[in-house]
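Shared between the two complexes below is chain A, which pairs with chain B and chain C, respectively.
And now, the complex of A and B:
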């Protein structure tokens, strides 16, 4: 056993020890956020007149609302693709030998080890008019004219899904690893088939991982400036690029601030839907 | 699908299993179990008990041999079609389902309607004496209560065979005794053929109609508790079940029923050839349990010097050092005032009866 101070309950330490971190957050996170809010509450670019004009503008402008909608939809699509592809990978990981596990982990982590820019350019090479997919399909005689893959919603979703996949797979692997393998056997010995076991036991018990994975993937997908812009090209506009244009090109800082705040609230709303679903799903067991 | 009903017979026919890693876990196991029997699978850690249980339940496909339940060879059936109930060592209750849902899980899988399920779950919870716990989650119950729920859950599907893997290992001593009695009572009521895996010999001897002793994946003996305890067929069974003194010696004369053995400790005694016929002049190990030794006043038996005496409540155990320097334990019932034995007193010891000294060919 340690000395008296070492065995003290962590909660009994003075909050003062957290002061440096708190200060850091105050200066570099809370203050800019408040400044953003302050800025967004002005009607003119010079930020001289108070008012809700920027918000009214955004919320009554079909174009702006369209950008917000398509961004949130993009996040949902990427999350869905990651979940559908990531779950089997995580499930497989828990059922293979240690050597295959190492290989799977390596494949899952690989995207994190290369720069986003490099990965995104790789997707441009793959999806382009003369890209790998089109070249292969054409040489096999399956298509005559190249398919339009790049600069489409489909292209952006696929590229983003690959880029964000680890954020989904890793929490799922952890969650599935926590499930006692005997539960599978118990369910089976009680007469349940594989599907019932999956939907009644494995899925509900892995929900914390599903929710963590979805939240991370979603947040990362909708804010992924580089991949969205490069694979989406000029035709597709999402919130990060919209914001960038307003702030940097048009120098309309109050409107850009308002976009940020609205985007932030929209993301928070979606994330809290995820968490609420998670909490409700505690009752998932009850038929 | 195997028809679920109490008391079906179970035949383990020449089962051998080798894991993909190459480990030979069980080898040529034969068990012929009658409907309604309680069988204990007894053996030290790693001897293949769990493997055998999982083969019977259908979680592992054996390398060789057959499993026959009732009149059906079930080798081709997956676990969910075998109607075998299993209670896992760690209970394996579904943590996100209420106790009542846990118990009725198997009924739901059979498509039984909700009202019937709830009624049945309540009946089973009453059977295991937990009627008030239906709405709780497993983590809100104590270990012993979780154990009862696991039992109720396994019984709910009216299995034809009930398998229990070290069911009482995690319970403290008093609770373990309660649960042993409870399981035996439930087994008697339902008449379900039951297989209990354990490495606790007392548990095996007290609960089972017959005991199968395993060692290193092989069946050493399959018989009634008194067979296993009093008439062990191998040296392993004799030493693993109960405690025993192992005394080396040489066979002087032997026939089928009796062998005269000269012990290295310096006496000739009559012993039972337990592991088959013995050859004259061969070296043997004679096993005599401490409670089967007695102090003798005449010149029979072997001589020794009393060392430590341990009063263990109802019995007193004396440690005696024999002429060849090995230690022998003798336990005596404490009847009234037992004769006080001084440290260093010279005594002579002999088995109570020739049939209680078991001679096995010595393994080198």
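And now, the complex of A and C:
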């Protein structure tokens, strides 16, 4: 009897099918990153002398550390704004009918798929000296001279928050959808008010979504160099542009490599902190 | 007394949440509307509201051969990168989706990692590797780089589609004597096709919009649309870019509408 074909698992495919992509990634993704690491461990541009010189240079240079610090801070600010604005969208989504749900989801989704340059350009139009905000404030007589909104930290944060909002809102919508609506009613009928129910029941239960959203938003905000450079202008320097200047304009590849590795590690550290929090919260959220 | 307090309390909560949500939705949608309106200005600046309306900047756009050239390059690279992503990504997704092996989980993390790593760092790394092995930057290096950063979208959406596939369907098909290839063609592929298409669509859009990888891996002759637009914006605020942006926004809305009908895109991204 042909027992061999019967015992063979027909519901899964061999790992061999992953081989082409694995090989492609090995050659064009893993190897380049290893070479980046290798070059960053050299003190000279010709890569003849091993050493930690590039890292020592970065970590003892107040300017470089300032760029790293302001980049990490920028990510935190953008993530906070996205969370505060994104959570109510996800909350509203669960409260409205299917038609409005589709409209909300499409409004949230569209920016995600619209070109980043286009979205950033829109903010230049809004925040500029003759932009909507200044024009409105001037016509209302609130200000005489245009406010400087473009090329400021405020401008970069608000533009990045809009650009990255879908990354926060989509996981939140998923997380809120998984919460049993009876819990809300139970909490209210037991005497807790809406605010209390929100902070004690809804928010803790949606933590996996909050954390997923924060991870995606943070990683995207600190690496979004188009928006950073166009809205931030020349005075504000963040890690991606710093990396690009060192690599492209100054051709200092070993230092650019070290910047890349430090930046990579910073992103990975943030992602793993969030992932650990997510694992802890999942026990909490009882998924 | 306490009943009124309760309703007031509930009202304040609903009011704050609803108003914040509406403000947030306006913030999301407003920039695109502003660009659409400004692109029809009759003036020379990006002043809002425009002093008058005309189609002059669309006429300018019609003649902007540099932008046409860049758009053509971006389109070709995006099509190649999407094609390769589907080819590699669907095969890999089939292999790792139902496997509990450690190797499958590790490969899954590897294939997803371009999504979180800074693309600029990858672009620089790839450029250094290509120059080390003596491979000059060209449309080919562009396609390779774009494929690396786009393939995660195809893998993720295909894996999600496969996860919803009933294993009993495959077993029944096998019991009835169908070969694996036949089962794949007649059962698996039709069922996961919307997932593959959704992944390919997102991959295409992200390739078409990519700057960080293109910045390092393109040659001087291959101008890419988002880079061209970015550099134009760094220099001067040209209203032609507003017209181009409007065309891109309308195209995106149309494509999303088609994809929503064909694949239920919004459900895929919230599950």
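Criterion: the second predicted complex is superposed on the first by the 260 of 287 C-alpha atoms of A that agree within 3 Å, B and C clash if a C-alpha of one lies under 4 Å from a C-alpha of the other, contacts with A are read in each partner's own complex, and residues count from 1 in each chain.
Here is the rule we go by: a contact is a pair of C-beta atoms (placed from the backbone, for glycine too) under 8 Å apart; a residue touches a chain by one contact, two chains touch by 3 or more.
Quick caveat: nothing in here was measured; it's all calculated off a predicted structure.
The partner of chain A that touches more of its residues, comparing chain B with chain C, is C.
With both structures placed on the common chain, the touch criterion links A:204 to chain B but leaves chain C unconnected.
In the overlay built on the shared chain, the residue A:230 is in contact with chain C alone; chain B does not reach it.
Contacts of A:193 after superposition: both chain B and chain C are touched. On chain A, the surface patch touched by chain B in one complex and by chain C in the other comprises residues 193.
For chain A in complex with chain C, the residues that touch the partner chain are 10-18, 20-22, 24-25, 28-33, 35-36, 39, 84-86, 88-89, 91-92, 102, 104-111, 113-126, 128, 130-132, 135, 158, 161-162, 165-166, 170, 173-174, 177, 193-195, 198, 215, 219, 222-223, 225-226, 229-230, 239-240, 243-244, 247-248, 253, 256-257, 260-261, 263-264, 267-268, 271.
Chain C makes touch with chain A in their complex at residues 6, 9-10, 12-14, 16-18, 20-25, 27-32, 34-35, 38, 45-49, 87-89, 91-92, 94-99, 101, 103-104, 107, 110-111, 113-114, 116-122, 124-126, 128-129, 132, 144-145, 147-148, 151, 155, 167, 170-171, 173-174, 180, 183, 202, 205, 208-209, 211-212, 215-216, 226, 229-230, 233-234, 237, 241-242, 245, 248-249, 252-253, 255-256, 260, 265-266, 269-271. Of all residues in chain B, those touching chain A in their complex are 57-59, 78-86, 88, 90, 92-98, 101, 105-106, 108-110, 114, 153-154, 156-157. For chain A in complex with chain B, the residues that touch the partner chain are 180, 182-183, 185-193, 196, 200-201, 204-205, 282, 284-287.
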